[in-house]
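Chains here go by letter, A, B, C, D, E, F, G and H, matching the order in which they are written, and residues are numbered from 1 within each.
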Amino acid sequence: MAIAAQPQMPRVWRAESKPHKFCPGCGHGIVLKALGEAVDALGIQERTIFGCDIGCSLLSWDFFNLDTIQTHHGRTTPVLVGIKRARPELVVVSYMGDGGAYAIGAQHLVSSASRNDLVTIIVVNNTVYAMTGGQMAPTTLPGQKTETTPYGRDVELTGRPMLGPELVAAIAPPGAYVARGSVANVVQLKNYIQKGLENQIQGRGIAFIEALSSCPTNWRTNAAETWRFLEKEMSAYFPVGELRTPEEKPAARLREVPAHGPKP
Amino acid sequence: MATKPITGEQRAFMTGNEVVAWAALAAGADIMYGYPITPQNEIMHYWTRMAPKYERAFLQTEDEISAGFTTVGGVLAGKRAFTATAGPGNVLMQEAMAMAEMMRLPTVVVVTQRGGPSTATVIYSQQELNLTCFGGNGEGLRIVYSPASHDELFTYVIKAFNSAWKYRFPTFVLGDGYQSKMREPVTLFDPEERGINMEVCRPMVGLPGLPGEERDPAHLRNTYNLEDELYQVLTDSIREYEAMASEVAEWDAWSADEAEVLVIAHGVVSRAARAAVEALRQGGVQAGYFRSITLRPFPVDALRPLASRARHLLVVESAYGQLQRLVQASLYGLETPVSGYLRPGMGITPEEVARAVHSLI
Amino acid sequence: MSVAFKPITTENGKGIFHLFPALCKGCGLCIEKCPVDTIGWARQLGAFGTPVVEPGHGKPCIACKKCQLVCPDAAIWIERRNGQGRTDALTAAPQAPGNEK
Amino acid sequence: MALNLKIALAGEGGQGVQSVAEILTEAAYHAGYQPLYIPNFGVEQRGGVSVAFVQISEAPVSAPKFTTGDIVVALSHRAVERARQYVGPETLLVFDASLADDVRRVYGEGQKSLAVPALAIAKEGLHPRVFNVIILGVLVGVTGFLERRDVEQALERQFGHKFAQDPSLKELNYRALERGYLLGSERLEVGNRI
Amino acid sequence: MATKPITGEQRAFMTGNEVVAWAALAAGADIMYGYPITPQNEIMHYWTRMAPKYERAFLQTEDEISAGFTTVGGVLAGKRAFTATAGPGNVLMQEAMAMAEMMRLPTVVVVTQRGGPSTATVIYSQQELNLTCFGGNGEGLRIVYSPASHDELFTYVIKAFNSAWKYRFPTFVLGDGYQSKMREPVTLFDPEERGINMEVCRPMVGLPGLPGEERDPAHLRNTYNLEDELYQVLTDSIREYEAMASEVAEWDAWSADEAEVLVIAHGVVSRAARAAVEALRQGGVQAGYFRSITLRPFPVDALRPLASRARHLLVVESAYGQLQRLVQASLYGLETPVSGYLRPGMGITPEEVARAVHSLI
Amino acid sequence: MAIAAQPQMPRVWRAESKPHKFCPGCGHGIVLKALGEAVDALGIQERTIFGCDIGCSLLSWDFFNLDTIQTHHGRTTPVLVGIKRARPELVVVSYMGDGGAYAIGAQHLVSSASRNDLVTIIVVNNTVYAMTGGQMAPTTLPGQKTETTPYGRDVELTGRPMLGPELVAAIAPPGAYVARGSVANVVQLKNYIQKGLENQIQGRGIAFIEALSSCPTNWRTNAAETWRFLEKEMSAYFPVGELRTPEEKPAARLREVPAHGPKP
Amino acid sequence: MALNLKIALAGEGGQGVQSVAEILTEAAYHAGYQPLYIPNFGVEQRGGVSVAFVQISEAPVSAPKFTTGDIVVALSHRAVERARQYVGPETLLVFDASLADDVRRVYGEGQKSLAVPALAIAKEGLHPRVFNVIILGVLVGVTGFLERRDVEQALERQFGHKFAQDPSLKELNYRALERGYLLGSERLEVGNRI
Amino acid sequence: MSVAFKPITTENGKGIFHLFPALCKGCGLCIEKCPVDTIGWARQLGAFGTPVVEPGHGKPCIACKKCQLVCPDAAIWIERRNGQGRTDALTAAPQAPGNEK
């Protein structure tokens, strides 16, 4: 049978839930494409658990043909760490926004980094609290107008944009993988995410990838302005690249939590 | 496989925290997640000492929020997972428990109540009843056991795992600082040898088979777009909760029929209540004793007829009316007068209870 | 895939431009990224009732696949005219080892 | 009526009242009783008065704390005051003899009491470390329901690893126990009256 | 000094969130601390737009824990400080509110209830009654106002500041997502012009004078070493709470005497209840309406006689019995039968209430 | 009148509450001596607010002749930030343990650092959760035995000790002051704390000082072992020194929140 | 009886039903009525059916939502289905004429309804952007309780800043309003019956 | 200071060693830090019922004040024999500006 041309979605995308729930031009779709390609490339669909946060990431709760758990705002990493500690054979992906990662969930990020938890964390940095309608995020650029900085972010009063990968890189033990990519360079981003997944699979340590991403809805930008803000303003503040690679530490660590009692 | 932690019946003299650790081992708990707080700490201390010997796991988290959510992760992965906390830690734990309540996750939490509100004391109280039964932004679809002795602590920790996994409601064992820290004799046993079958723990994620091809992927969420979707989910849960309530509710009563004063208590305070009632009976006072072993669901069917035939009800608790409110709400419609002997954060002795009873007659 | 999407297929320059209107939300990100400015708005409406895109508005397509790469909704598939579309690294779904059916 | 003994012990953090309670209840447990022991605890790791609540009964004990003790032990200045609330007219107040003035001040002259020169004995005859074991001995003597063997076994369980390292320590403890026991058993009738 | 935000009476058509922001301005609130959450967000949006014009301050915190504790800091410093939250944010806020309860800190929190438990919906419910009245590990020594209209939202936000600073209990305005997002006419006013005197805000730290020399230092704590110390503190607070209860309790009733069915509701649902009762009366049904404006303290003295003379009580709420439990516990001893029309997370219309009343008669 | 020799307590110490409630040999006493000297040196007793955490730091709730607020575990910084935002003329000191700072309160630390809040944070690093009886802390050394690592801290399972000042230094904006001192060098520690207070007074930005400190009770060490553990083992892992100094940024920022309504 | 109008509007995110509701209630408010308007909202910023609940009354409105509307407006495929629950036997269903098939499928033939070719008019005669203003005009026409001036002032308050930038936009909007008004007022009797 | 502490004052070497038994908890930190090992246990008991310290167990005191510096309880005050004890930087309480009474 001749099959008509079909969308080139990653195999692990769930076509039944497409078009997905993100807005037109939302970077989440691009990040999840990179993640999908990486999962495909590693052939780990059957043992990957995807966790999404509250924030626009929650809209991906039925995005993949992956066992998925949509958690609370900022709590995705603990839930997935809980899973990983219980079933180390699984590959866990913790997917969230900058607010979930750097504000309400910062204690979990810091602690997972210092514990070198075997989890791959992907943070979508769109400089705003998108889900709640565009308030200031820890990543909002100086002078940027948001719903809670209506006159532009005043760095004297509210500080400077959080540098997430830099923070993780400063405290994570050897074996960590830390990088910042961008939806403006999907191939590189996929590459980083794939390395991040491998780092977990090889038991080296935490993997942390921030993705610079777009939110045309809350930025109130058209396509051209969206790219400009992302590629010019954001990239100038948040340098793209790898901050930590795990070569320092040999692959190894695999912990087992054996089953007890009358389990199936 | 590791050897069994307990074979046969073993009599011991130990603290309640040690009892909890042994009970979790005996129940086949796979992993404990926890954050230190007095008076719960020694549960973790014993667990970390014994866990490696029996191939169990432990994770010390960064706070109780994380302890709650990693526990959620553990049960999602299909493991018999638990945590323990108290006081302000119990307050923080509610966020994860609200999620467990919504998603019907069989988490098990041991609470060792301490003085409240706020940091208050590290000692003792019964002030976390309301929090444990109804904490979070929901309707309290939870199972809460309130044990009164080390023997019960052992039994109900084991039972908590089974109730959680059978009914899929977050389950709590509501102890207190006295029970945690006191030593008394206890009999430890292997549940299997007593004919207690541990419920099978089925994973909710990480199932076998390629998702989307060999099976549907698990897509678990706690967020809904429409009021009606949420209402449907809640209505189903409420129905199932109410259906299991009479099966799960437990209580204890002694000389409770036609009592002149029916003393109502829970947890460790019920020991003083019972001792007082025994002494009063010996002294010719027609006192009775009723104790709620499950606080959620509340054993209203058992209490109502006894309360209706009593002349006075006396609620005794180390809190300011938390049990009393539950009793009054449950018994609404009766006319038997209720009084409270309410001592937030204070231990209660049989003598005090007896005095309170006397003041009613 | 149990779901099928109907493409609008347009040959242009070196590429075969498959656009899936049920997926296209009309965000315009692809338009901005096309190095030859060939993409523009079409009359047809997409998933959100807004216009979808089509090639043929600028110079001929060079099949660079940039549009396909950046589309957040996988609404574009560029086949090269020699028919090698499915083999490109990032843009095609590779077979997961052991998952060939 | 069957044995049903309530003892409160109060002392400074380092004086070892919790050990006394632990050993006493361990011994009682192995002797077939149903003891219940609960320490008080606060936010300070050290400092503050430490109180131990002990109940020993033939039937399971009801409430973990009690209003009035049959015996109350006070081993320091502050403990004499702190213990006040657990002392009733029938209570036997055991205290270190050096605290006689404090006791008189707080309790007046009428209190049923037993002054034990434990500090003095420990410092002179024995060693400050076994001060609390003397007190333990006193309690065993006063209450009279335990076999010496039960107590020694409990001592062994508590300190066995230390005794193994330093056998002279064992001897010291046994002597302290003995000294206390003798002092206490002189008041055995009190124990019997309880 | 900055100009007054409102002079005279100003009629407007706006959302409830905007009303709250204006009310806080009018009340002379000095500083808002907050973390975004739907449906509360626009309170922050309006506040951040207007605050600089009236020289007020704002701090966006990292989470609701911090929003709660920075608010605590604000009131300690003697400022009229407030925050706003909802749902899971309200759960987290309880940690700080437990401290405020213990230390008698006049915090003001506006809660805009959304579906629960867990993240649930961002829309609406009345499921945070229990959490707001009794959240934390304490006894619920709080003041909770439940307004029903934009006019009341304005009035009770102003009143909340005054009650908080007068009685020194953490005070809440319990709104909901409907009230937050709906537009209706409202009259804004300057409290002073209406004869409302704003309570003076006295700092608890940072007082004038050299501490230890010219005055005692403020040594504020929430932790106690002994049960008895805590008991004393709690007993004092409880006494003061109970003493002010009848002064603070508020309610509203209509045609409530000798009702065949007395409909009991709170918040926005009470509007449907009242409309239904009016329609029923017109249709000849002897229905009555009672509404609790303060949920804590509960206006039991007002309700009890009305309830005792009614033939049926019908509790109507967008929750599963949270108000009903409060009603039953408060009215214990009465025999008037109670039913509930309980719709967790769902809006309730007058037609539904009328139908529920009809089903009882 | 001839006064008998009196203890040389800092003037701001409250003699009435001495001996203080810390254990014999506890480093908290030394840190609070350094803090007291620094407050004395700056003459800011009348406008300094001291906040202590839950943890052994709570034992200092009546330590000073300073207005003091004892808060919740990990929440001291938000409470003091709340005070500072409301009354910028006050000098606020947030005093806590390593558990409060790096575990349960890590989101507040990260956020105050990134906001450059005008607060002076002093963290007592004693490698354990002391108040609760000696469990593992984020700072517990590899192999160190604690109540929850009875067989020694396993870095593969629980990660490596948290480097707090390094974390703050990685993300704080210009104007921040970050240092690590030790109770083994009281003069230096006092110096750091004084600079930290000055940084706040001058409105430059956040000041963060970690103090390596002793906990003989939970370490179960005698005096000699206490010093050895502190000066050899801890100092080897946690380098003492200044990590960020505020010269980068001129002194300036003073915000005012004027009073409204009928205030006294 | 006095005016007491319940209108539910349903459409896709971009179709502007919330603006229609806002302008309509603004106009009613300034005309002296007591309107209440509440949007539905969910977790998605875009996508999903958007519903607006409008009530306009002479007395304060009771509950913010209602069971059955007097008028229900459905502007898309999915909206036709979603709006079903608010449509009773007496409800006037206003829909875009292009949805006639959907309406027939969901509501059968008997539903009291008004098909408005708003999409077609907007696309051809005017501009897709003013589609919703045509609907606004229809509602004003059908209900007949508002002065034209009230509506224009409300339009001005909503879009005034845009009109200032681009005066042709104002003209476009006014024309759209007029077109809708004419279509609606033909059914004014319906409005009167409500 | 409204509270007064009674010192035990011992002259030793270059220093006058004031020890306040009501403050000394017997931790021994000072003993370890004394460069001349002059500090040792005394018979007198301190705040916690444990022995306090005293000089005179090793070489004469050089008045380096290390013991005073490290004492967590401010239980030691070393005066130099020339009587300048109160002027040393860290160990003396300086007058806060404007606070002179």
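FYI, a contact is a pair of C-beta atoms (placed from the backbone, for glycine too) under 8 Å apart; a residue touches a chain by one contact, two chains touch by 3 or more.
None of the values given here were measured: they were computed from a predicted structure.
> Starting from the defined contact criterion, work out which chains touch subunit B and subunit C both, please.
Touching subunit B as well as subunit C, we find A, G.
> Top contact pair of chains, counted by C-beta pairs?
Contact tally peaks for the chain pair B-E.
> Farthest from subunit F in C-alpha centre terms, which chain would that be?
So the chain farthest away from subunit F turns out to be G.
> On a C-alpha centroid basis, what's the spacing between subunit B and subunit H, in Å?
Centres of subunit B and subunit H (C-alpha means) sit 54 Å apart.
> From the C-alpha centre of subunit F to that of subunit H, how far is it in Å?
Roughly 25 Å separates the two chain centres.
> Subunit B to subunit D: how many Å between their CA centres?
Each chain reduced to its C-alpha mean, subunit B and subunit D end up 35 Å apart.
> Please report how many Å separate the Cα centroid of subunit D from that of subunit F, as a whole number.
Here subunit D and subunit F have centroids separated by 41 Å.
> In subunit G, what residues contact two or more other chains?
Each of 42-44, 46-47 in subunit G touches at least two other chains.
> Among the residues of subunit B, pick out those that touch two or more other chains and give their numbers.
Subunit B, residues with two or more chain partners: 38, 62-63, 88, 95, 99, 118-119, 121, 123, 210, 213, 222-223, 225-226, 347.
> So which stretches of subunit H touch two or more other chains?
Subunit H, residues with two or more chain partners: 48, 50, 99.
> Any idea which subunit B residues touch subunit A in the complex?
Listed in rising order, the residues are 1-2, 27-31, 33, 54-57, 59, 61-63, 65-66, 69-74, 76-81, 95-96, 99, 197-198, 200-207, 209-213, 217-223.
> Going by the contact rule set out above, which residues of subunit G touch subunit A in the complex?
43-47
> Of all residues in subunit F, which touch subunit H in the complex?
4-11, 13, 15-16, 18-20, 22-30, 33, 37, 40-41, 43-45, 183-184, 186-187, 190, 214, 216, 222-224, 226-227
> Can you check the complex and tell me which residues of subunit C touch subunit A?
Per the stated touch rule, the residues are 1-7, 9, 16, 18, 20, 22-23, 25-29, 31-33, 47-48, 50, 68-75, 77, 79, 85-86, 89-99.
> Sort out for me which residues of subunit E touch subunit B in the complex.
That would be residues 87-88, 90-92, 94-95, 98-99, 101-103, 113, 115-121, 123-124, 127-128, 130-131, 134-140, 222-231, 234, 238, 319-322, 324-326, 328-335, 337-338, 343-347 of subunit E.
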